[in-house]
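Sharing a structure, written as structure tokens. Questions coming.
Letters A, B, C and D mark the chains in the order given here, with residues in each chain numbered from 1 onward.
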């Protein structure tokens, strides 16, 4: 008689469609794998996640997994988990701790790498262009990890190439309305100067596309649109020729997580980093791949 | 000279001055800021954007103004905006031709939300902030429940025209906001509601003893605020052609309350100014637009916002105005200043 | 009496928008005297006090304390200089306990911490000195205005001060309480304290004061030794003419002589009660009739009125109006049936301070008409002006916020609010509180004339003599139940006093 | 005029019942009762819930919120509001992290600087509010923008603190039965006692109540209104900074997005604990239970562990609603029952005041009142 494994999972929140897809993936994978899932939503607050992890420790779950709201600040609570002998898996985002034994593995994407990929795509795209290439950036929520890293990744790549220039950068809070509103202002202020829109997620890119179209511009043609996540909406826009490239950031971590949990409970050794397969989808492949997309 | 003095004493002068200053700042940065041209048969330009964007905020702020005037507060408006958008989107997702039904659903949720808040505040006697906090927390959950946590795209043209279309070259949402302002102004000025609301806000006990059914009026004001939020929700969702249960109207309540206070209405209840509120909302929207267009770095926008809010409220302050008046008096000795009326108990 | 004034003003002026509240006022106050400030409503008495104590800054003139010019920026500074003030209207904190209100700002401490035991004990003592016994740990708003006023007095007299200023401290007190207060004041005078006192009661003035300053229209009319100034002259100096009371007496007599129409009562209360608040009361009031309620403080007069008005939901008994049974669940119901109510606590339950006089006056009428049937702006102004004239309300204009009017004028405005609804019945709870002698007669005269036209009135006043004089019948309350009802011809004042005190049934 | 018995010697039973009878303490008594009910509910529903560890965990995990709510209680009792608390908390965490990681200051210096900064920040807002007669809402909202904006200007990243002294303090804990209390919880407890002392045994504390009850009266009574109001905001700023310190210890890092919406949690906790937003009425201890109730609701939900994100919100809202409704109903019931008591007239009158408001006192109730808890 095998005891059901209990997994405590502390989710960041439900702040975006991406996150919802992530949650759905984890829940359904747990069901399939026959794992008893304790789920909690931290509403984007670190203290709530810490509380949830504490309560999982109190409930003596078998494994704890969570998507950290922020990189830092996990040492104390993870030390408690370690003391209680409960292994911890990180998903989606990494953390910054000295003692690497505080977590067993990290499954998920690397925002910095995503930013670099987008930057590389830009380099390729404008290889034969003398420039200057003016970029407007739609940042995510100020201070959030994806916003920080997607920005940093891009900068890493383009800082050596003087023809790329970020002429404006504003936060659209990862939302469609935010992206649209910022872009409306950009369109009026910079007009034809813009060559590239670099949006930190698909929602903002979609908003920006609406704003450009209303101003009579042709996104994807007059202006290149670079976006992240590769959600369903993003793909649709790509197929319609309005987004030029979408860097994937897969929310479908559920199956990998469940496998890892089972392996852990079975006593197997896990690699410190389980990388999810993520690619860059240029516009050219969009139509072909779209039917296979799950989110 | 007398004109200057009377003008300076008018409570709406400073909001107007702020608005003008912000516009000048924009102009300094981009000389074409005020230029409006025709594009595809409708007006196009930064001022139009600002008006268009400000429309939902203006409408919500109207509702909030009345609630605040009764000494209440409604922090659930953002959530109601989300629910209303989600409700409309859900209807339209089933059948894009049912625009009427979608509108009815959105307004219906607004009324229901208002009724709920109104019941808790006026008849159960909960403190308004807590009563509406309940809906603020749960409402977003309800909106997400409706959308399944997804962003639901809206494609029905009849619905989209409201927030994204044009009527006589001017955005429909601007017309709707104007209509809302006119309707509210009529409601409070041409009926006795304005008097009743002010009286309740200043002294609820005495108002009740004057024979007024205060509870019903307070209830009605919350319903009005719910409806206003629903209208804003329709405009917001229609403008971005989608309903987002989590992010639609996020923190709108703060902006609305800020608009009301910038417009000179006291949160302690009583006298209120609809025109002030509209100006307040325009200031907020212009400020947002300005930070985008003059290229304030995103990490500095909050500091800029703080500075503007502080400056606007400081120059509006009675004390500062009294100082100013005294100074004016020295400059124009013949002029007898109008002392600042001290709000007595 | 000492030769030097302790507090003195010369040529003090103060203007408010549209009103010259003080015009070149000279005033002096000597140690060891009780000095009464007299004047009609809006004469500038309270303003003078406010200027003396730093509530308002004066525009011109000089204030001297001990011969040295002073100018207080806040009441705090005046207090520090030894001037202790009891302002008009009760300015206490309703949320604090009675004891704390007495000691706020100067709580005794023990080992650095506030010593609640001492506070409670000393507050109880201070009140006992005024003949008030109550639970001092309860919050102030558990008590009616009159008790609050006693608390305010206790606060004012319980500390050593050089100057004590009392602005209408007696307006809602009855005779015995006033007597206690005066006893205390006399003792303080003995110890050399200078006392400035404002009242509208002539008898009180003569009972305690050494000196009287009369004010009229913001100016000092004159300063007199009380013993040199006959009462009739005092009134004449305040008002400018004489012989107010005769007309009232004539009206009272005329009305009482007239047959009271048909005896069918307009309002019938049968066993109306609310548990814990009021025992069952029966009361009939016919049109054109004045029924007085007499009783001690806390006897339940206000409660009776509130039950009848629906301000308090009754949980027993029934009310009929015009022969038909009605349910009075809220003031709104009562107003719809033509009842109006002037509450005793005008600041808390009466005025809407920030609204203009005009809107305060039309509020009740508008409330009855509902929000849809608006009274037009012009009509409102016309109504307001009419009542301002009728009741002699002194205000800059109808647009002045009512909170800026002098106390007595606010009271008149409240009466105007109800008269404007053309009620069938009025409940007047201390309607003449804080109203000057002349205006009091005028107001009562007006009320009587309305009564002659068929208005029914329930009249509550802490002045038994006034109740006896105007009422047709008097219901005497004691311990929250009605103990007797007497018709006014039979009712000599003494008889009512005895009933109130519980001497006979 | 001794119309009524003054009730000097009360029977013992009545003294016990008094918290339920006195309109001032009734809301708290009800809050405490309902807190117990809520906790009992969790204990019955979920295994492992009923333990000292969970109970102490409530304190440990909410210590910073508790400290902030205490400051907020003073502000609200004085008739104001402070929206800047969450942002000041975030700024404090950043200042601590910068102080220790970049400037390498000793812990004591950081603590001193940060607390002084919080108090000054609050005092500045208080001065604007009082001397320029600005609305607290707007000033503290600007204060919130400014503090949060300053965080981002300093850094948009999160900074991990590696300083061993911080780690040592964060790791400190005392055993209490089967659970343990960490430094943050201990600080919260000390703050609580100090706050109760300030509120009830110092003139400043009493002046706060007076100003909240009626500012104009307080002025005319000769109380130092200006000083009191400025100090109240200074105290709240101090508490926010202290909460920020505790939070820094909690996560050993600084980050500008920390404590988002915490102002609302603090206000909610305070109001649930029986403090009236109109000022003058409330107890520090009430806010403790307010925080406890919010924390318990959250713990219930994590223990349940089956709710989706949106159901989480709906359930939080529903529990909050059920709680507040019960609170109102019991209060009404109790005041009604009390007025049945023979002769307890004055009390009845007080309760009447509470209910005279438009059929629900929320509009401007000045009903129950604040006064010595242990007087």
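Keep this in mind: a residue touches a chain if its C-beta (ideal position, glycine included) is under 8 Å from a C-beta of that chain, and two chains touch if they have at least 3 such contacts.
Here is each chain with its UniProt name: B = ABC transporter permease; C = Sugar ABC transporter ATP-binding protein; D = Galactofuranose ABC transporter, permease protein YjfF.
Model, not experiment: these values are computed from the prediction.
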| item | value |
| --- | --- |
| Taking each chain's C-alpha mean as its centre, the one farthest from chain C | A |
| Higher-contact pair (C-beta pairs counted), A-B versus C-D | C-D |
| Averaged-CA centre spacing for the pair chain B and chain A, given as whole angstrom | 34 |
| Distance from chain D to chain C - Cα centre to Cα centre, in angstrom | 40 |
| Computed distance of Cα centres, chain D from chain A, in Å | 36 |
| Distance from the mean Cα position of chain D to that of chain B, given in whole angstrom | 30 |
| For chain C, residues that touch 2 or more chains besides their own | 311, 330 |
| Multi-partner residues of chain A (each touching 2 or more other chains) | 14, 20, 23, 142-143 |
| Multi-partner residues of chain D (at least 2 other chains) | 152, 156, 214, 216-217, 308-310, 312-313, 356, 359 |
| Category of the chain touch graph - line, ring, star, complete, other | other |
| Each pair of chains that touches, named by its two labels | A-B, A-D, B-C, B-D, C-D |
| For the chain D and chain C complex, residues of the former touching the latter | 1-4, 6-7, 23-24, 197, 200-203, 206-207, 209-210, 212-214, 216-224, 280-281, 338-342, 344-350, 352-353, 356, 359, 366-372, 374-375 |
| Chain A-touching residues of chain B, taken from the complex the two chains share | 29-30, 32-33, 39-40, 44-46, 49, 53, 144, 148-151, 153, 164, 236, 239-242, 244, 246-248, 250, 288-289, 291-293, 295, 297-299, 301 |
| Contact set on chain A toward chain B in their complex | 14-17, 19-20, 23-24, 139, 142-143, 168-171, 173-178, 180-182, 184-186, 188-189, 203, 206-207, 210, 214-216, 233 |
| Of chain C, residues touching chain B in the complex | 16-17, 89, 309, 311, 330-332, 334-336, 341, 343, 347-355, 359, 362-364, 366-375, 401, 403-404, 417, 421 |
| Of chain D, residues touching chain B in the complex | 128, 131-135, 137-139, 141-146, 148-150, 152-153, 156, 214, 216-217, 264, 267-268, 271-272, 276-278, 308-318, 320-321, 324-325, 328, 355-365 |
